[in-house]
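Okay, so chain A shows up in both of these, paired with chain B first and chain C after.
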Partner chain A sequence: MLDIQPATAALRHYDELYEAGGLPRPHYAPLAATLDWIGRDEIMARVQAINTALLLRGVTFTVYADSAGTERVFPFDVIPRIITPDEWGRLERGIRQRVRALNAFLHDVYHSERILREGHIPRELVYSSKNYNREMIDVDVPRDVYIHVSGIDLIRDERGEFLVLEDNCRTPSGISYVLENRDVLKRGLPDLFRDYAVCPVDDYPARLLDVLRYVAPTGSAQPNVVLLTPGIYNSAYFEHTLLARRMGVELVEPRDLIVVENIVYVKTTQGLERVDVIYRRIDDDYLDPLYFNPDSTLGVTGLMNAYRAGNVALANAIGSGVADDKAIYRFVPEMIRFYLDEEPILRNVPTFDCTDPAQLQHVLANLDQLVVKNTNASGGYGMLMGPYATAEERERYAETVAACPRDFIAQPVVQLSSSPTLVDGRMVARRVDLRPFALFGRSIEVPPAALTRVALRDGSLVVNSSQGGGSKDTWVLQA
Partner chain B sequence: MEYTIDHQTAYYYPDNVSESYTVLHLQPRSDHNQFCTRYVVDVAPHAQLHAYVDRFGNEVQHFAILPSHDRLSILAHSTVVTLLESDPPEPVEATRSLLDADLQLPRLYDFMNESTFVRFTPEIETFWRELDIPPDRIGIWCRNVSRHIHETFAYDTEATTVRSTVREALSRRAGVCQDFAHVMIAVLRSAGVPARYVSGYIFRGESQVLGAEASHAWCEAYLPPHGWIGFDPTNDLLVNDHFVKVAIGRDYRDVSPVRGVYRGSKHAEMSVNVAVDVLASAQQQQQ
Partner chain C sequence: MLSRVADSLYWLGRNVERAESVARILDVNYTRAMDLYSQRDGRSEALWRSVMQCAGFRSQYKTASNGKAASDVFGYCAFDESNSTSIVSAIRIARTNALSIRAELTTEVWEVVNVLYLYVLDQNLASVLREGPSRFLRRVRDTMQAFAGTSDATMTHGDGWSFLQVGRFLERAYMTARSLEAVDVEHEPWHESQRLLEMCHASVPFAQSSHRAPDARDALEFIVRSQDCPRSLRFCTREIDLAMHRISRSAEGTFANDAERRLGRLRAIFDYTPIDEILASGVPQFATQLVREYEALSSDVQAAYLPRLPVTA
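The block that comes next holds the complex of A and B.
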């Protein structure tokens, strides 16, 4: 069973399972033994059952710009990804530090602009960010929390060190896969858990609800929390329903809400009911046609007025996307030093700034060795994997970058770590990343509920679900 | 000068509408050039007004009318004392070098870049060629830009709409004050001179100025050492004590006097009436 094929460039990246000498790492050894004991045929039968369960539960995602039926089952790999308590402890500290700094940055850019005035981040970069929301200038948000929920994407470099690949400070998704993956794996392959004390993930919804209640505008003893979804056609609709159900809050669409004299209400069969906190899974642009995209038929008219008046809390805050603009990413270590007077615990991936003419020239001349990303896109859309692109693709991309350098950054290709993965009945090494979620309420917490995404194609370094990625159950071991 | 201003906006919706949310930029500003001593808004059907100060320092009100209605009337009544001279000095001291050295400059990003209605289109570049290259004395140059727009554009209320961009006004060489202001802002910004949009009123007086029958609009340029200087390309005037400033922004979109969203048919009739009068007592004092 564990006759794992080495990945194509085995020595150039870190392997989660094997040490350099070819022996399994100690924390994987019991798992390897259990898999052997269960045997290949039995595992394949269980995989079948697990996949059926996922399909029945509707664990799907939507691929935009895909003509061949948009709803797909998110591929799940049954071999868990294991993280030791030591590794997790460091990640937890690093993420808390990072999110604290990002939140301070958001408060700063919408208030006194200290970090801009003192010249640590170019003003132009912030003002030209598509997600810098001018309506938020001088607006105070409840408890000064902007990033209630964030997803910090990490990868391991060649030496196994976790690096931050990107921050997601708007409406990061993926937690539903974490919850569902654990559930189906526990039912489908309970034996795997036999020798491990794995941190539970199922208290995530309760912890999220705590955060949401904490930011309710002062005066609400029993705050009314709702989850605002754009509706059934959204790619993460499954997640919205799951979180609303597990938190025990109402799932609403924009048309269910109404603003009356600066107060938000939900329409119920018993009349209007005041809303204190909105966990919104709608982009800023579509929240309120009175202030944002006027052509939007989505949205809650007057919501910005209620928000500005302090009568409702939104999670995440409007305008928090400026913190995860990929062109601002390279300044996060600087933010940590500036706001916290600390050294960053987690390092960034080196990043080229295309607005700098010299760096732009370097990027354009070395496209075949770089990953180029659109600064405002996510989900792997609009990126170029230089080494794997055709010359023609690179040429076309170069033109786009040169025309609008502010919209792009470039990074060297980092060889993600590989993890044992079941593909067509064989165990093979496939590349993985890690997205832990941070919750910011009374304090910043990083629940041991992280999403591991896996690139199912051999040699692929792109783990996004929209680009043929799958997911794994992620085990954070108890200390 | 002291003025009273009545600004009435009325909508008639033949098919009835509901849940109408409206934002107003109608309250004259108080700054070192003018002082708003009275401001009252009447809305019919009755609505509760809410207020805030936006990021440009404009006083904004908003209200909502939820039940079905077929008309909406907003009457803003204000009294303003203007303190500028009637014949203000030309901004002759403003130079490019003073502007480049100005410490405020990095904060003026929004007034130096494109915005919804102000785009640096190829047409702007073509228009540019008709003008002198901006010399060091940029204050004088701004005056020339204003004059050139005044001389080469026709004032025509049929040529454009409130949603027209700089491109449309330029191609027709016609428009109203809003278009002239947008064109001038586009030229100034693309020449690296910070420029912003001002909405307000102009007092007709004895002279035949344009734009007095409704809201007026002009352009302000940031010209150290003078600071923000108002240019009215519609009348080729430097802003004087006949101008009442209501709101400033990047362009029309930031400061449209009445903006709203409602539920119902798009079909609506709108009328606007503006009356700017000199207060009798102030007139006597002047004599």
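The block that comes next holds the complex of A and C.
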């Protein structure tokens, strides 16, 4: 079954399955044996059953580029990605440290601006961020928590070291796939679990609910928590329904909410009911037409006033996007030293600052070896993979970068690690990343529920679901 | 519960019931048309015209010639997306409503609706008529009955459940009233009574309770006044009334809103008025009056609980 070739030296990337000698790594050996024992035909039959189950359950996402929101099943690869307790322990510590620093940074930029005044981060970089929000200056958010839920994207470099590729501090999605992947794999291929003690993932919704209840404005003994979704056409709608159902909270759309005298209510068949905490899965810009985008038909008029008056908690806090701005990213190690007086446990990917003329020159001269990302985009949209682009594409991109350097960062191409993946009935090596989720309430926790995304196209380094990526069940092994 | 969720549950209930009813009506008439009526005489066209009427389209349909009525009407009632009450439309609307309240539904209930939706997306008129429509119609009916069973067994029976019941039984009463409106018992008492009973899934229950061949008056009484037949007007109206009282928490026999008042009046007719008195003014007239009553009742229900919400972009 596992007849794939170990990665050739020419590709120079870390292979999750094989050691340099061509033998499976010890934590993968039992899995390799089980797959062999089950056999190719049986596995293919199970894969078909699993895919049908995902379609019927409606585990889909919406592709915006397609005509009017086509629903697609998020491709699921049945070969799990395995993480050892030691690896996870280090990731957990590194992520906790990072999220603590990012949260401190947010509190700082909206209050005393110490890190700016002392010159560690250029002011103009913060003020020019699309997600820096002046309305949040001097606003005290409940329990000083800004980033209740974050997703930290990690990749493995050629030597196998986990690096942080980007931080997601607004409304990271993907946890529903973690929960569903585990469930369908346990039902569809139970044998795979035979020799492993895998950390369960299914307590994530309960832990999230704990966080949300913790940040409720003081005084409500039984806080009313709701999950705010843009509606059925949002790409992550399935996730919103799953989390609401598993937490047992109402899934509301903006039109279900109304603000009266700075109190947020939900419209029910028994009249108006007060809302204390909103886990919102809507971007800042669409939350309140009074403050943000006046053209938005999505928002809840008056929500910002209720928030500033301290009558409702929002998770994540408004304005937290400034912390995951791609132009701010390269300063995160500095934040960790500044606020925590610690050395970063997880390193960044080296990043060029296009606002610095010398670095910009270097970037423009070496586009064929760099990845250039738009700081205002996500999901793999609007980026240039230098080595894989045509000369013409690079030229056009260079003009855009030169015209507005603040909107771009550049990084060397990191050869993501590969993991065995089933494609068209054959086991092949495909590149993967890892997105653990951190929950910030009483303390910062990193549940062992991480999303592994896999680039299903041969040779591709882009794992985003909007760009042909899929996902794998991720096993964090028990210590 | 959220008004929007209540609204979606109501329409989910209505459209699930609608798909099942239209499937049953088509099945009954398609099979009856095969042996009872020659394809060439006018009776077949009249039959299909009445099917159109049942499904709620009085005027649009012009009689097709050359025996095309069957496939035309079938296509319009089953597959036409421009017809908002066709089977395919009803399933699509039901699925959209289910999706918008996905968090309120159990996985089992959602899957029943989603599986049927994916199935009908794969079907088309030509292939369904080629293999005979029974299998397709059977699949729709089976699934919708599975919906009833699954929702009963897996959902909590709170307000949400009650709104689902209001939608289901209101649609069912409405379709029974429409069937009553569409049959012509005056000219063809035996065949038309039998057709009415079959369209209401009541032919065997009727036979079991009356122990004789259907006589038009008895059949009508059964469809209007049976205490136990789950598609009789009396039964459906009682179920709507009970669900509405569970939601408003007002005592039976009192009313908390216009919907409950209208239900009380309707129940009095079915409970206490002798059938001959009900039918004195003529079956079609009575049926048309009932169709209007149920349309008004739907507005009353929405006025009581389902305030018009702004539409999202």
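Keep in mind that, in the parts below, the second predicted complex is superposed on the first by the 469 of 479 C-alpha atoms of A that agree within 3 Å, B and C clash if a C-alpha of one lies under 4 Å from a C-alpha of the other, contacts with A are read in each partner's own complex, and residues count from 1 in each chain.
Basically, a contact is a pair of C-beta atoms (placed from the backbone, for glycine too) under 8 Å apart; a residue touches a chain by one contact, two chains touch by 3 or more.
Only a predicted model underlies this, so the values are computations on that prediction, with no experimental measurement involved.
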Fit or clash - chain C, chain B, common chain A: fit
First, second, both or neither for A:D138, with chain B first and chain C second: first
Partner chain(s) touched by A:V266 [first = chain B, second = chain C, both, neither]: second
Included angle at chain A between vectors to chain C and chain B, based on C-alpha centres and rounded to the nearest 10 degrees: 90
Per-residue contact with chain A, leading partner among chain C and chain B: C
Partner chain in contact with A:A197 - chain B first, chain C second, else both or neither: neither
Touched partner set for A:L251, first chain B, second chain C, both or neither: second
Which superposed partner A:T241 touches (first chain B, second chain C, both, neither): second
Chain B versus chain C as contact partner of A:A49, first or second or both or neither: neither
First, second, both or neither for A:L23, with chain B first and chain C second: neither
Which superposed partner A:C404 touches (first chain B, second chain C, both, neither): neither
Chain C versus chain B - closest C-alpha approach in the superposed model, Å: 9
Residues on chain C engaged by chain A in the complex (per definition of touch): 1-6, 96, 99-104, 107, 110-111, 114-115, 118, 159, 247, 305-307, 309-313
In the complex, chain B residues that touch chain A: 19, 21, 23, 48, 50, 52, 55, 62, 64, 66, 106-107, 109-110, 113, 259-261
Chain B-touching residues of chain A, taken from the complex the two chains share: 123-124, 127-128, 134-135, 137-138, 258-262, 289-290, 294, 301-302, 305, 308-309
Chain C partner contacts - residues on chain A that touch it in the complex: 55-58, 227, 230-232, 237-238, 240-242, 244-245, 250-256, 266-270, 297-298
